[in-house]
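Consider the two complexes below, in which chain A is the common component and chain B and chain C are the respective partners.
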Partner chain A sequence: MTFSSLIFIFAFLPAVLLLYGIVKPARARTVIMIIASLVFYAWGNPVYVILLILSTVFNYYVGYDLAETERGERSRQWIFVGAVIVNLLILGYFKYCGFLVDTVNALLKTDFAVPGLPLPLGLSFFTFKAIAWIADARSGKINPRCGLLSFAASIMMFPTISMGPIDRMQDIVPQIRRPDFSIANVEEGLILFIVGLIKKVLLADNIVDLYNSFRALPAGEVSVLMAWLGMAAFAFQLYFDFSGYSDMAKGISLMFGIRTGDNFDHPYTAVSVTDFWRKWHISLSRWFRDYIYIPLGGNRVTVGRHVRNILVVWALTGLWHGAAWTYVAWGVYYGLVLLLEKYFLIKVLEKLPKPVRVLYTMFIVIIGWVFFSSRSFAEAAATCGALFGGGMHALADSRALYYLRTNLLLLIFCFLGSTAWPFRFYTWTQKKYPVVSAVGTVLLTLLAVAFMVYSTYQPFLYAAF
Partner chain B sequence: MKKIMKRKKDPEQTEQKRVCIFRHIVLGSCALFTVLMLLLFIGLPDRPFSETENRSLAGVPDPDAADLLSGRFMKSVESWTADQFPGRTGWVRVRTETARISGQNKIGGVYICDDGYLMEEAVQPEEEFVSRLVQNLTAFRANHQDMNFYMMIAPTAVTVLRDKLPENAPAEDQNALIRDFYSTMQLVGYTPVDVGNVLEGKKNEYIYYRTDHHWTTYGAYNAFRYAAGVMGLDPDAVMYNSLAVTADFNGTLSGKSCTFGDEKDVISVWFPQDDTQPAANYVVEYADNQMKTTTFYDETYLSQKDKYSVFFSGNHALVRIKSPTAEDRRLLVLKDSYANCFLPFLAQYYRQIDVVDPRYFTDDLETLIATDGIDEVLFLYNANTFFSDSSLAGLMEQ
Partner chain C sequence: MKKSRIMVILSGLGLAVFMAVLIWSQYYPDVPAEQIAGELAKQPGIAEMRTEDASGLRRYYSIDSAETEGFLFFRSNSIMSADELLVVRAKDHEDALLYMESARKRLGEITENFENYGAEEMTKIDSAVCEVRGKYLIFAVSDNASDWEEAILGEIKK
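This part shows the complex of A and B:
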């Protein structure tokens, strides 16, 4: 069940919200949240609910033990390391097994079979939340006496289970125990949800067609313009899909009286790559900073160590995004750019006018997305070639002009939607012309519903029974 | 002093109030809308079939322990709620109109073209698909050295009527694909029936439906006249009168592109002028339902959405057409629905035609060829089905 499905919007969410509103005791609300989240989780692949429950119980008690039980430092360290390894093994088994086997096969020319298990929903996200929980328990930053139920509701709450944000459990647990459930929060949450829905359904799900048209072309037929259109479409699709999702997650959480962290802050307006990573997938960057980068020593070490730390963090960031070497390359690429910026470029950049800095950043980001979106290095190289006129097909051909013309309006909306302007304008209209603004919001919501219904439209040329 | 303070505060308070009004309206409307949709969903009876989508709609799923555990039950619930969503077609139309306004002219793989034409985009087959087809067709031909093999792959409107496509539309030309395939097949003993030029010559006439993916009977007749030359038949032996049987045909492409109902097409059937011809004295046997009739046409379909099924009441696994011709020639036609309005022209020349649609035919083809004494084979497809449907290659592998 995705947030942008009819059944979620018209049945699941209203039903759970109504129940949550009627039932007053906080304890009962926690239970409702757990049950709703288990149903939500089970919707796609019911068997994995067992994994989610086991992981939750295991991590809660490890955290409890680390924070509460008197032990020697050594045994605490062993418990901590052991628990992290258990979490990573689960993640590794489902997410990286195929990747590992493929790599071994390629290196040793062996022929091991690749296990083909589907990835459990949100596994990468709740594993990271769990690791943060036990790491904070180890360093005494949490109070684990919240009880298993509150912890379970926090880590598996359906608004954030599938794609984050990766909040610290100590920020969520107190809110689960005393949710600030009010009409004002439901309203604020609903509007956030609608904004996210519009980003996802009206922008991301449509601009993706342009990207797919680009990917479907044979390598020799891609003009320079087409390659840039295709990669712009990918950049927009990825951003509006994920930030739309994050807005919806934040909005739904707020409807239930829980404030989660931010994940995006108009990253495509960043003035440097360093700035970009302060604005893109914020909760993930923070996780890597707090639980990998700083424990490694951060930047308070020698230059050589610092370079190592940055590269380790970014290789892992890449690997987290997907089990393939192209993702690792994408991560390391950012590590190198960030080092370059820190030690040299940032001084140069600061002297440049803002539009130039944004253009520079977007250039680096788009080249990054080439690796991120490619299934192989050969494909990435071909796309890079096409972007810069390698193969000399053409600067622009009639196909590229066709796609530019038919997608122009959508591209303009995507461009504007990447900036803060429409959101400032929206806030302004709410204050000046509340009725007009509300009618506009409702109409756009209805339009999003029309697009959602269309996505289930499956015409057959021959009668299908 | 107090007064000034109050006045200074005022605008902020009004703004706060306005934001509250804004939020109340949004929440109120969304709540009302959700309740309304739920009531309609519960109140309205489930529709069993969608004419615009040409398929059965999902109904209430039965809960079943195994389906629940595998997640299949949840998928059925989602299909059911989506298929029975109140005002489904209207919502789809809103989406389509929005896409059109935003500048899109290809919707659901269908180009919206000049003169009210809707054209399905050309299929680009994968290399493996083509090589499997070539391999199986070659083996099939090799098993029947003594027979004539003809192959007609008709280009669709998107190629023949490409002048009507939206500006710069990146529609692939099927002719190159078809002719490449012909030259490969010619080497292994197939005789191509290349109707591309004939159709291009008639491109200003009504040879394709505007709202449907088929050719018109007139288009099929022109192709037939060319095919007759290749297959050693005299196209002038029979003269025809055409009769328009409906002018209210809204075909599959209007459903596929969700531009319902504006444009209508005319379906004609063609009768031999001289009713002493075999055409008036044939028998059509449908193997799937054991039906026998003395007509190619089923006019009950003219009052339904799927009016093209007036020809042979649609597609069947196996149809046998028997005519009292002087010559005893027996033809096997392996085909898609492009053949349905073409076959009546062929029936005048063959004692028996076995019409096999590989998409539905599950029996053994070799047995059929042997028992019915077939001595010629015609493959009759449009390029989009031919290069995307794997059932033909599958049939040869049996």
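This part shows the complex of A and C:
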């Protein structure tokens, strides 16, 4: 069950929301949230519910145990390291075992069997939340004695279980215990949910056709224009897919009286790559900063160590996104660009006009998406070749011009949608012409529902990570 | 020992047992398609069917054989029979799941062909096997479908 499915929008969400509204005691609401989350989780693969429950209990009590200050430092250190290893082993088995076996087979010419278990829903996100919980309990930043039920509802709550945001448990647990459930929040949450739905169904799920058309072409038949159109389509698809999901997750949480963190802040308007990563998948960047980068020493170290820290963090960021060397390369690429910016480029960039800086950022980002979207380095190299006209690629051809003409309106909508302008326009119309604003929202919602009914199912891209 | 430590140990053990059972139950070693073919040849009904090649796989399932690590495809010689068996050894589990979608579409086509007049065939279709085990897709429509499934699983579970 995904947020953009009819069963979720018209059955699951209203039923749970209604029940949550009827039941007043906070503890009962916590139980409803847990049960709803387990049903949501079980929809795809019921067996993994057992894993979810056991992991939740394990991590809660590890945090609880780490707070026992009378325990010796050595004992607490062992528990902490052991618990992190347990979490990483589970993640590693499901997500990276196949990658590891494939790599060993390729290097040693062996033929070990690749495990064929599907990745449990949201395992990467769950694991990162759990590690943050036990790390914060270990360092004394939180009091982990919040009660198992509150912790369980916080870490497994269905709006954020599948694709985040990776919120800190200390931000969510108090809200689970005292949710601010109100008509105003339901209304605000609903608007956010609709915005996310529009992004996903009307923009991401439509622009993907342009990207698929580009990918379906034989490498030799791709013109430079077609390659840029295809990669721009991918950039928009990924953004609207994930930010659409994030808006929906935030909106649903808000309907239940829980404010989650932001994940996006118009990243395609960033004026540098450093700025881009402050605006793209914010909760993941924060996690890596707090639990990897700063413990490694951050930037308060020698230049050599700082370079190492950045590259380690970004190689891990790449690996988090997927079990393939292309993702690692994508992460290291960003590490190198960020280092270049920090030590050389940023002063030059600051002197340039804003549009030039945005264009520079988008250029770097789109080249990054080439590695991110490619299944192999050969495919990435072929795409880069097409983007820069290497080899036999024509500058433009009739096919590219046809795709440009037929997708121009959608591309314009995507461009506008990735800026803050639509939100400003919505706020302005809401103040000046509330009826027009309401009618527009309803019409766009109906259009999105119509697309959902008549189009084929498109899963969220980040669910695979 | 404190309650929290006992709970850590118990839930940790629970996780270990769960993962062990899951890995054991879902572990399917790589078995070449030829080995499965050898076992299938002994099964009832297979000898009466015709073997389809890569073009048949593409035509009926839209699966490119070059993208797989091997396949076995049998169809009935008679157009009045819905009998069909497909075993695909995919490159990985994800690919096998994609092939299962193709198999489901194929099942829909077979259903359309027989639903108005082939009552006996519809019984076979209703009890068709369409599943993914590890990196194998198993799709079978026949009175013998469960025997075939058992034979295939017997081979890949050895």
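Going forward, the second predicted complex is superposed on the first by the 454 of 465 C-alpha atoms of A that agree within 3 Å, B and C clash if a C-alpha of one lies under 4 Å from a C-alpha of the other, contacts with A are read in each partner's own complex, and residues count from 1 in each chain.
One rule holds for everything that comes next: a contact is a pair of C-beta atoms (placed from the backbone, for glycine too) under 8 Å apart; a residue touches a chain by one contact, two chains touch by 3 or more.
Only a predicted model underlies this, so the values are computations on that prediction, with no experimental measurement involved.
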{"item": "Combined model on chain A: chain C and chain B, fit or clash", "value": "clash"}
{"item": "Touched partner set for A:35, first chain B, second chain C, both or neither", "value": "neither"}
{"item": "Most chain A residues touched (candidates chain B, chain C)", "value": "B"}
{"item": "Which superposed partner A:90 touches (first chain B, second chain C, both, neither)", "value": "second"}
{"item": "First (chain B), second (chain C), both or neither touched by A:47", "value": "both"}
{"item": "Partner chain in contact with A:219 - chain B first, chain C second, else both or neither", "value": "neither"}
{"item": "Which superposed partner A:398 touches (first chain B, second chain C, both, neither)", "value": "first"}
{"item": "Partner chain(s) touched by A:64 [first = chain B, second = chain C, both, neither]", "value": "second"}
{"item": "Partner chain in contact with A:186 - chain B first, chain C second, else both or neither", "value": "first"}
{"item": "Overlap of chain C and chain B interfaces on chain A (superposed complexes)", "value": "47"}
{"item": "Residues of chain A defined as touching chain B within the complex", "value": "1, 5-7, 9-11, 14, 42-47, 183-184, 186-188, 190-191, 194, 206, 213, 398-399, 401-403, 405-410, 430-435, 437-439, 441-442, 445-447, 449-451, 453-454, 456-465"}
{"item": "Chain A contact footprint on chain C (complex, rising order)", "value": "2, 4-5, 7-8, 11-12, 14-15, 18-19, 22-23, 26-30, 92-94, 96-97, 133-135"}
{"item": "For the chain A and chain C complex, residues of the former touching the latter", "value": "47, 50-51, 54-55, 57-58, 61-62, 64-65, 68, 79, 83, 86, 90, 93, 98, 111, 113-118"}
{"item": "Residues of chain B defined as touching chain A within the complex", "value": "15, 18-19, 21-27, 29-30, 33-34, 37-38, 41, 52-56, 68-71, 74, 77-79, 81-83, 85, 88, 91-92, 94-96, 98-99, 102-106, 108, 166-170, 213, 252, 255-256, 258, 306, 314-315, 337, 359"}
